[in-house]
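Sharing a structure with you now.
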């Protein structure tokens, strides 16, 4: 049964990614779509961490920052191909997560939140202050990965928007597939178990510390890859990507969508990415409305959009 | 030597600001286990409302009282309109509500007032007080005094009054609290009202030093949160010590090491403290047995 | 040779000795009960044996290996499993997933296998699933398999914990008041279950206040009071021990008579 | 004193109490027995107001409780020692007891506390410790003592003997009996059906959300159906 | 109808810049349309608030071009947002006038990208020129870690030597810091500091100004154009601010400008209109937006085809001697800023108000 749910989720996602372009009136929609996919990717990482392992992080943008700046710096200083830089960034993020995760993950609840927050702030502070390397708060250019021109040489002409829409969508699908696999696996169950009761999880043989670390590292990699994709498609990157507000935005997306599922993550990412675009008509009222939407969703759908809606639908069926 | 003293004055001033925010967190946290990320907004409101009332000709003390009362009412409204309806929701959802509320309050403030920086006069003038070659502004003494006063008040509230215990009981076990006759809804209202009032009070005290605009809340909440965690969440002692310590850490780092990385040093110290004491300096142990 | 050997175990909380110098042994297939007044230190003893508390003094050995201070998940790997007096259920997971979590050790593989959903992982998971359904049947919870565990009644949760503990296929099982919250008839079922388990060679360490159950199935009883062992022996000897009667049992003739009548 | 008519209650979509009638008179000890999952705890939760009733009426001392929120029911004299004990784990034993008398601020609070300590000396010994550190049985004692601190006219006890040593089980039943002497009415849910029926005036048997058998306690003990299904005799 | 796109940071950490910019452009569009628009064509304004987030800025730039189909873009309050908009505009061939300071925006020159603010480097140069004239050679710098402060810090360090000025102390503060006395104490304790330079915007400079006074640190204080407004004096306190200097534009001294000053006309009409519309003082940043819009409108009116971005760009590049609030602009294929140092005026706080330094 769980196995079928996985394929349904993936199919829904794939159809959305594949069919939406048919109704896009302009290139701008590809851009927004790509952003949603990139955000959804990092939110899926957080779903693993928060929804499954029950560990909060207010510093995940730090990993996005590492991923983004890896793509900005490595090609320039190490002569690495931007795509390899993405892998390098993911590797550094994973290593970082493993390193800091060990001491940090012993903390619980808000103490963990503040520790991860500290990590995120450290990263963004380094990116901001090491001007010589990173361009400081003004940011720096990111080299074009050259893939588009490669495709063009192969006779496949795509606009930048279309290209990144495709790439982000593809990566999101892969990310979603991996996450769904994980959820329905012994590791996923172990993570949820330690979320429920660490003591009980330990007594059934779950290495709690290790399992937490696993979730942390995996989610860091998701955030890092998302950060890299963002840097590559923007062609320009500033320390904002690693900032506290971005961390909070990621958590908000996860919670808004419903912290337990891949589709929820995508939905949360979509809503929070689209809202500012929709709210431009309100201009002055944008912040007010954004805040209001967040509050209302949480009041009426406390489990997040997707789970709460699913629950209601189920309730009606019966 | 006078430099050290100057750094200390600076640290205590800034630290007292953090402490006031951190103290504001304690009540709501103690009543509901929720860290109210809109706490910084209360501080901002305290400052902004006072500014506009004062500019409209209301005497400063009265303007301050108005600001505190209005903010307390907003706190109560936040509880009634957003927190209570979402009762039973997971804590992360409640946190997102408070974050949403803070964005909302910011957006509304920017509409009702403006996006400019503001300030009103210091209570006892701007002439610095000289001590052994270092200087401190009279307003800093107000802030430090305010933080101490709020601390003492909260400490008495939580250790000496039955209502204070009822607040703790509500967070610890809401059902049981109702079973012993505690009106948990009222306790929540009270907590939000008090927290907001403390926040606004802080805003009134610090605005002459830090200035105020619609968006100062985020940074304040962040630092206050860090301070509260350093000291141990929920304990007024922790909030006070955590705040002052954080302020002094930053000032000392800025003075002796590097101003660029003063926040970094502060966070590294917080991480180090938490590594040794996972519940902060004075954090209460939760005692759940298996 | 004994499977579990506890020697001179002790621990203090804030200066108060909760358990002091307790020693005993459990052999495979044996049922050893620990009894004693409330606060005697029984649960604390369990917490030390299962690695949740680090003992202040003394040692625990499993199969001859010293396992004092070994974390719970390692002990689980070595075949030690337990239930809790204060229920430790994965509230938000389904009943089935609770039991599946108990299969963690036999189910787990590399994280890559999990991420990529490799066939090996799927095979292991399917085996665990089949086993879990069996266990649920055994504790009469098979009809509730897909319910959220938090929604079960107290007695049902008690049984769920036992099923989860059994999923580990333990060599030694620690049961902390398994019959609490069960009526006489339900207690009897647990009685049978424990007997079956011990017959299959599992060593059982039992804490229970239901003396009928304890006296009926124990091979050996350890009596604690104020953290110290005050008596030990076969049920018949222990139940006649004046110290035990004074501290714990009281005179139950009246009730016993009524029940028998 | 307490009259329940047609009580229904549901968790989400699932109804677990299907129209329950029950009556407790002043000064009576009434016990409810039933298998795991029968709905006993749900019944008590409805009475104390921590679980909403979807239908039916609860009348307590002539007043309908339908619109009375749970924190006001104690004021009316209805106290509960809940399943799972629900003590304030982070507060000290003494604070737990003091909060039990949250509604009162008179001298009697101290006397009641002294009584509670006399009843359970171990609690006195641990009065300044966090209640979460207590052993299971000690917590159970605390839950009962805390409920008594509320000076109830009617006490709802959900499996008070659970996790208690035999000596204390006997003591708890004695306490319940002594409450009767103080004119406190008791509704007792027990798995130790034998013990409960022995001290009760009347009893109800609950099966999957319905009352199936009721009558004087002595009759129930003698009832073969009950002897087989609940007393294991 | 001529579609003009704007993306500025009207909220967020750079709202100081973006808020007056947005207000200015909205006001000017209205004025222009009331007067009949450009060559009879009304200007349809699409304005987005990117909140200072470069990522959003890029999205809005894409939206402006692909969805709203604008012919030109003004915006990019910060360097980061500008760089994001810039690559889109450059890629799609849409003329873009940036409102940010960094020199890298127009150096090297990009085909479609122009800017109106002075570069940070120019502000530094102006300040150091003044210092040199005062005989100041050792300076303690304290700057904000925000983009504005950091960029100026870097530029000033680069050019200081050219003016015989040595930066002997280099401190920073966070954008939301409440007390800078430790940093200032450090500067004071550095040997031979003759002046303090504080590039930054927001509350930081006001607090620095107060702290300097609090410490009784008696050296000349230089601020940057980041705080060139009357509100700043109020925030910093007239007493503390007295004698402080900064490089500003004619906007700040509109009242004392002589009528034959070439900027008199444009500056007074803008300050008056802005005050009337928003009951708020103008700032240098609003002035940048004013000039950007005026330049754009002028170019569109001169373009061969007002609907053709290419033509507008060409017209823009041919701008010459155009008087704005900031200075007089002359673009060329080699220069997409078109201002020189003369546009800056050294201002000083005297008796609680801004006065030009003779």
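Read from first to last, the chains carry the letters A, B, C, D and E; within each, the first residue is number 1.
Basically, a contact is a pair of C-beta atoms (placed from the backbone, for glycine too) under 8 Å apart; a residue touches a chain by one contact, two chains touch by 3 or more.
Keep in mind that this is a model prediction, so the values were computed, not measured.
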Shared touch partners for subunit A + subunit D come out as B, C
When the contacting C-beta pairs are counted for A-B and for A-E, which pair yields the higher total? A-B
Where subunit B and subunit E are represented by their mean Cα positions, the distance between them in whole Å: 35
Whole-Å separation of chain centres (CA-atom averages), subunit A against subunit C: 42
Averaging only over C-alpha atoms, locate the centres of subunit B and subunit C and give their separation in whole Å. 47
Quick check: what residues of subunit C touch more than one other chain, meaning two or more? 43, 52, 84-86, 88
Could you list which residues of subunit A touch at least two other chains? 129, 199-200, 286-287
Where does subunit E touch two or more other chains at once, residue-wise? 11, 145, 172
Touching residues on subunit B, where the partner in the complex is subunit A: 35, 82, 85-86, 88-97, 99-108, 110-111, 218, 222, 225-226, 229-230, 233, 260-261, 263-264, 267-268, 270-271, 274-275, 278-280, 283, 290
Sites on subunit A touched by subunit B in the complex: 50, 56, 103-104, 106-111, 113-115, 117-118, 121-122, 125-126, 129, 199-200, 244-245, 248, 251-252, 255-256, 259, 284-295, 298-299, 302-304
Complex interface listing, subunit B residues touching subunit D: 162, 165-166, 168-169, 172-173, 175-184, 284-289
Which residues of subunit A touch subunit E in their complex? 25-29, 31-32, 35, 128-129, 131, 136-139, 141, 160-161, 230, 234-238, 240-241, 276-277, 280, 283, 286-287
Residues on subunit D engaged by subunit C in the complex (per definition of touch): 11, 33, 35-38, 41, 83-84, 122, 129, 133-138, 140-141, 159, 162-170, 191-195, 198, 228-233
